[in-house]
Amino acid sequence: MRIRLNGKENTLAPGSTVADALALLGAPESGVAVAVDGDVVPRSQWHTALRDGAVVEVLTAVQGG
Amino acid sequence: MRIRLNGKENTLAPGSTVADALALLGAPESGVAVAVDGDVVPRSQWHTALRDGAVVEVLTAVQGG
Amino acid sequence: MRIRLNGKENTLAPGSTVADALALLGAPESGVAVAVDGDVVPRSQWHTALRDGAVVEVLTAVQGG
Amino acid sequence: MRIRLNGKENTLAPGSTVADALALLGAPESGVAVAVDGDVVPRSQWHTALRDGAVVEVLTAVQGG
Amino acid sequence: MSEDQLVIAGREFGSRLIMGTGGSGNLSVLERALVASGTEMTTVAMRRMDADGGTGVLELLRRLNIQLLPNTAGCRSAAEAVLTARLAREALGTDWVKLEVVADEDTLLPDPHELLDAAETLVAEGFSVLPYTNDDPVLARRLQDAGCVAVMPLGSPIGTGLGIRNPHNIELIVARASVPVILDAGIGTASDAALAMELGCDAVLLATAVTRAHQPERMAAAMRAAVEGGRLARRAGRIPRRFWAHASSPAREC
Amino acid sequence: MSEDQLVIAGREFGSRLIMGTGGSGNLSVLERALVASGTEMTTVAMRRMDADGGTGVLELLRRLNIQLLPNTAGCRSAAEAVLTARLAREALGTDWVKLEVVADEDTLLPDPHELLDAAETLVAEGFSVLPYTNDDPVLARRLQDAGCVAVMPLGSPIGTGLGIRNPHNIELIVARASVPVILDAGIGTASDAALAMELGCDAVLLATAVTRAHQPERMAAAMRAAVEGGRLARRAGRIPRRFWAHASSPAREC
Amino acid sequence: MSEDQLVIAGREFGSRLIMGTGGSGNLSVLERALVASGTEMTTVAMRRMDADGGTGVLELLRRLNIQLLPNTAGCRSAAEAVLTARLAREALGTDWVKLEVVADEDTLLPDPHELLDAAETLVAEGFSVLPYTNDDPVLARRLQDAGCVAVMPLGSPIGTGLGIRNPHNIELIVARASVPVILDAGIGTASDAALAMELGCDAVLLATAVTRAHQPERMAAAMRAAVEGGRLARRAGRIPRRFWAHASSPAREC
Amino acid sequence: MSEDQLVIAGREFGSRLIMGTGGSGNLSVLERALVASGTEMTTVAMRRMDADGGTGVLELLRRLNIQLLPNTAGCRSAAEAVLTARLAREALGTDWVKLEVVADEDTLLPDPHELLDAAETLVAEGFSVLPYTNDDPVLARRLQDAGCVAVMPLGSPIGTGLGIRNPHNIELIVARASVPVILDAGIGTASDAALAMELGCDAVLLATAVTRAHQPERMAAAMRAAVEGGRLARRAGRIPRRFWAHASSPAREC
């Protein structure tokens, strides 16, 4: 299936989860958060499957004023 | 009947109109406007009767910055 | 004889006067003043002869703040 | 003899010295300076006799900006 | 300066000083001050008619042929301000309004939310809205986008006489304005008014700086001259600021 | 305001703006600016006559009937300034002089010692001395005590356009002045000129703020209006400054 | 000054300087600056994780044991800001947020309506909201009333280094504040930071004034000292301003 | 900051804050303030010894090991100041002197002529002269050329607390100084002291801003921190001022 991950198209195996998307980015254990289709997905829900065409944003902290 | 006219209680003959209330204040022909129960009553409607207990505000222009 | 007139060397006939120096510059009748060797020479004295080597400054008014 | 010491008239024995005047004020050994008739008298000259009518100023340091 | 008219909502004004009527204790003093100011438009407030029949300020302004700009002074909510504007239109036959919605009595500063809300409502009802606003360039822009015919940022709070506390904000407002910018409130003296115009404002609105001055008529003349001077200076293009001196007379040879 | 004449050395002036001639590249532009400024007196510098015969500025000023105020611009010592003043008197038939003795070219600031020295000499010779000075209240007082007919403190260094850098000093000078105080140098724009008058100065002297503006004639009109406005404001008595707001409309009852 | 702790939302801070991490091109330079500043809390922004895996700033801040204050920089609407705050809480495990909702890129000034809207939502969700606001005393009060744990008015727009353009507004905000007032944005140099504290602010937040200075570490130390100095001066009670001089040495008798 | 010593007449100072002893009513309060200020040199005045035997200030300063800088406060002529300096040297065994020659009691401003005259005499007699001067860049240069070991321009008149009225003049003095520039007089609060250092002054001298503050010891600490902060900021190199905003966080992608 296809998702949009941080603005880029990606193909994942059917049934892939939020965690799989994070793995694709090599996201660390901590310091990141995920929004799927505009809603925050808490860490406790990262095992949930993504829908085909999901828009996934993975954010972390960077320098900022 | 009784109305509240510019904050003061007044007694008018039953069936009195906006114009009667204005007369009570000795309001001039021009330069004034009337609100009854919070809505503007255009000059063309001054002949309409007031309900008992109506709140009538008659405003005019004064010095102001 | 030689004089220094507004910073330039000039040769005049012996016995030349302040007025002669002014003529050399084509100075107008009015609006000018003369200093010879650092002292003002009033108009009434313009007929006096210059010494050889005299330093003559002829000034006028120009735009200035 | 009489001297004017820091603005006040004082009587001293004839032949009194600057040091005597200082003693009169109970001036300390250090931190003071003396002017007699408007001139500084260095410590080394405090043994010199005062003239009758001398004006003696004894100054010290005080708080100041 | 017929070539330098101020145009608000399609109406031309020869004078860039708008003097309000507030703060004057005496109509004849007010009349002389208004005349001396050269103002072509002035503010009035809407208040309850007294049984004794009002203040006579309307008669005065009609006689002087000065356009009325009713305000909504004292209103604390959009609803109050909208009703007051409607009453003013009914009473005075003008759809121009100086929109004021203040947040509290201590500062008399506008409530940004209520002000914008009222502006949108009144614009939709066909009013020509001139909002009294703070000096926030964002709010000024929102008001402009809402269809206000001018924006009227303060120099400092009403009646403080502190002049223009933040020239940078006024410059930011002017830099992005598509409607006339009228400096309203805070003017204390003539140089404040001149500065407002030099910063690029199109006009100055003031009242108590004149009406509460020791000599109102003279101060009105002062403000008139200062606004003209500031406007001319803005148009004339000032010299640059320099750190070191720069002579105005030619060098001396001797 | 015929009742508000400026009087210097017994001579009356209707205009409190003194515009100098320095900095203008073009006599016809200068003429229009001088006329627009309304000035009744103007400065000129004394320089060597060229063989080609001068600048024509004298003819212009005679035609405009503007009083001459020769300056000693560029002089670096009392001796130079005194000689220049004497030559000016001889050439122009006036014993009025704007006394300038500058210390260096970078700041064109006056040399206090040489300035006071030259002032004393020229006063003794019967000149009416108008010294260009810094904003030191002590030097201003010394010049006044020396018999100068006015004192002319700077707002900021010549040609910088930085306006009045130290209003407190100008107020101190005004507070103790027994002769007219003329703000000279540093004016950049109209509000600077208005402020000078509000601080209590009796007049403003400027040149390049007008002559080097993009539009000299218009800036001259701006300065004229600003000086009038500032003077009127000073006389009218401004409102006090307040920390909290103060309403200009009556309280709202409903 | 253990007796002069800053308390925000019940948390105590020994340092009244909050230094952000923005604008530094180099983590080791940033580290030295943060240490020199003495800050106990710092801002971070939330951005998309790169495949290469982030910036390392989190590791640095954990090592320095500095509390994180995630911001919502770049958000243009309440919705964006609220989502960003939720993601920050999820990612960083803090419910503190520096709330920014800007209206445009030219001024980076807050949008008053969106800002207040977002503040209300986040407070309702249990966030400790520290809003970056303009210097409007009314908006500051609305944010305080909405339950923000501090208000953070600007001195001047972000990154301008113009200091505190309107001290009067800051004083008005302080006079009516029931939560800490943190001067945020516009600080250019040390005296700006000292002035903020003298006006009554409880703390100063800055970033690029340090990170973009020629020597960030030294400027961080400068800001730390200035904030301490300004705070001490506010508490110590300054001498009154006088028009005339007042001697500091006793009168001389001779 | 051992790498940033202040050097006056070959003597090194670790502190750039010079706190005078004037204005304190109480020696123990003065002692705490002097200690808190970190000053390494302080001013004293010379006055007639009372029969009761002096003020004890000398014992205090010896105990604190603070260098004495006797002043000539109250002197109105070069002659008075020179005699006072000689007496101070005799009494205190130092050839350093803070030279003050004031023109009048209302402003306590220096008399330029008498000041320069006294400076020349005392330099010739081997004194290390630190003159209290006005902010005239020309006089500052003359004093420097006369051999003074520092120049000490005022920010505003003694005891006014008006801060630095004319930063432009201080910048001009600094730009041309070959000896240390010490801002003396007028400081009211910490930000004034920080600004002095940012303008390029080498040190700050103050007395009553601390001694007459409500809490002298705390204000002394404030001034110490502010002087350090201002100095560090000057050396660190501030960010430029901008008209438009400049973001401190990276652009937001989503």
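Letters are used for the chains, namely A, B, C, D, E, F, G and H, taken in the order the chains are written, and counting of residues starts over at 1 for each.
By our rule, contacts are C-beta pairs under 8 Å (C-beta built on N, C-alpha and C of every residue); 3 or more make two chains touch, one makes a residue touch a chain.
All of these numbers come straight from a predicted model, not from anything done at the bench.
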| item | value |
| --- | --- |
| Chain labels contacting subunit E and also subunit H | F, G |
| Which of A-H and A-G has more C-beta pairs touching across its chains | A-G |
| Same-interface partner of A-H, chosen from the options D-G, C-F or A-G, over half of the pairs matching | D-G |
| Greatest separation from subunit F - chain, by CA centre | A |
| Subunit D-subunit E separation of Cα centroids, rounded to whole Å | 73 |
| Where subunit C and subunit H are represented by their mean Cα positions, the distance between them in whole Å | 54 |
| Subunit G-subunit H separation of Cα centroids, rounded to whole Å | 33 |
| Centre-of-Cα separation between subunit G and subunit E, whole angstrom | 34 |
| Residues of subunit G engaged with two or more neighbouring chains | 20, 22-23, 45, 47-48, 71, 73, 106-107, 109, 158, 162, 168, 207-208, 243, 247-250, 253-254 |
| Where subunit A touches two or more other chains at once, by residue number | 6-7, 57, 62-65 |
| In the complex, subunit A residues that touch subunit G | 6-7, 25-28, 31-35, 38, 40, 42-43, 57-65 |
| Parts of subunit G lying in touch with subunit A, wherever the complex brings them together | 20-24, 30, 43-49, 51, 53-55, 57-58, 68, 70-71, 73, 83-84, 86-92, 158, 207-208 |
| Of all residues in subunit G, those that touch subunit D in their complex | 247-250, 253-254 |
| Subunit E partner contacts - residues on subunit F that touch it in the complex | 20, 22-23, 45, 47-48, 71, 73-75, 105-109, 157-162, 188-195, 197-198, 207-209, 211-216, 218-219, 221-226, 228-233, 235-254 |
| Subunit H-touching residues of subunit F, taken from the complex the two chains share | 103-104, 106-107, 109-113, 116, 134-139, 141-142, 156-157, 162, 165-166, 168-169, 172, 176 |
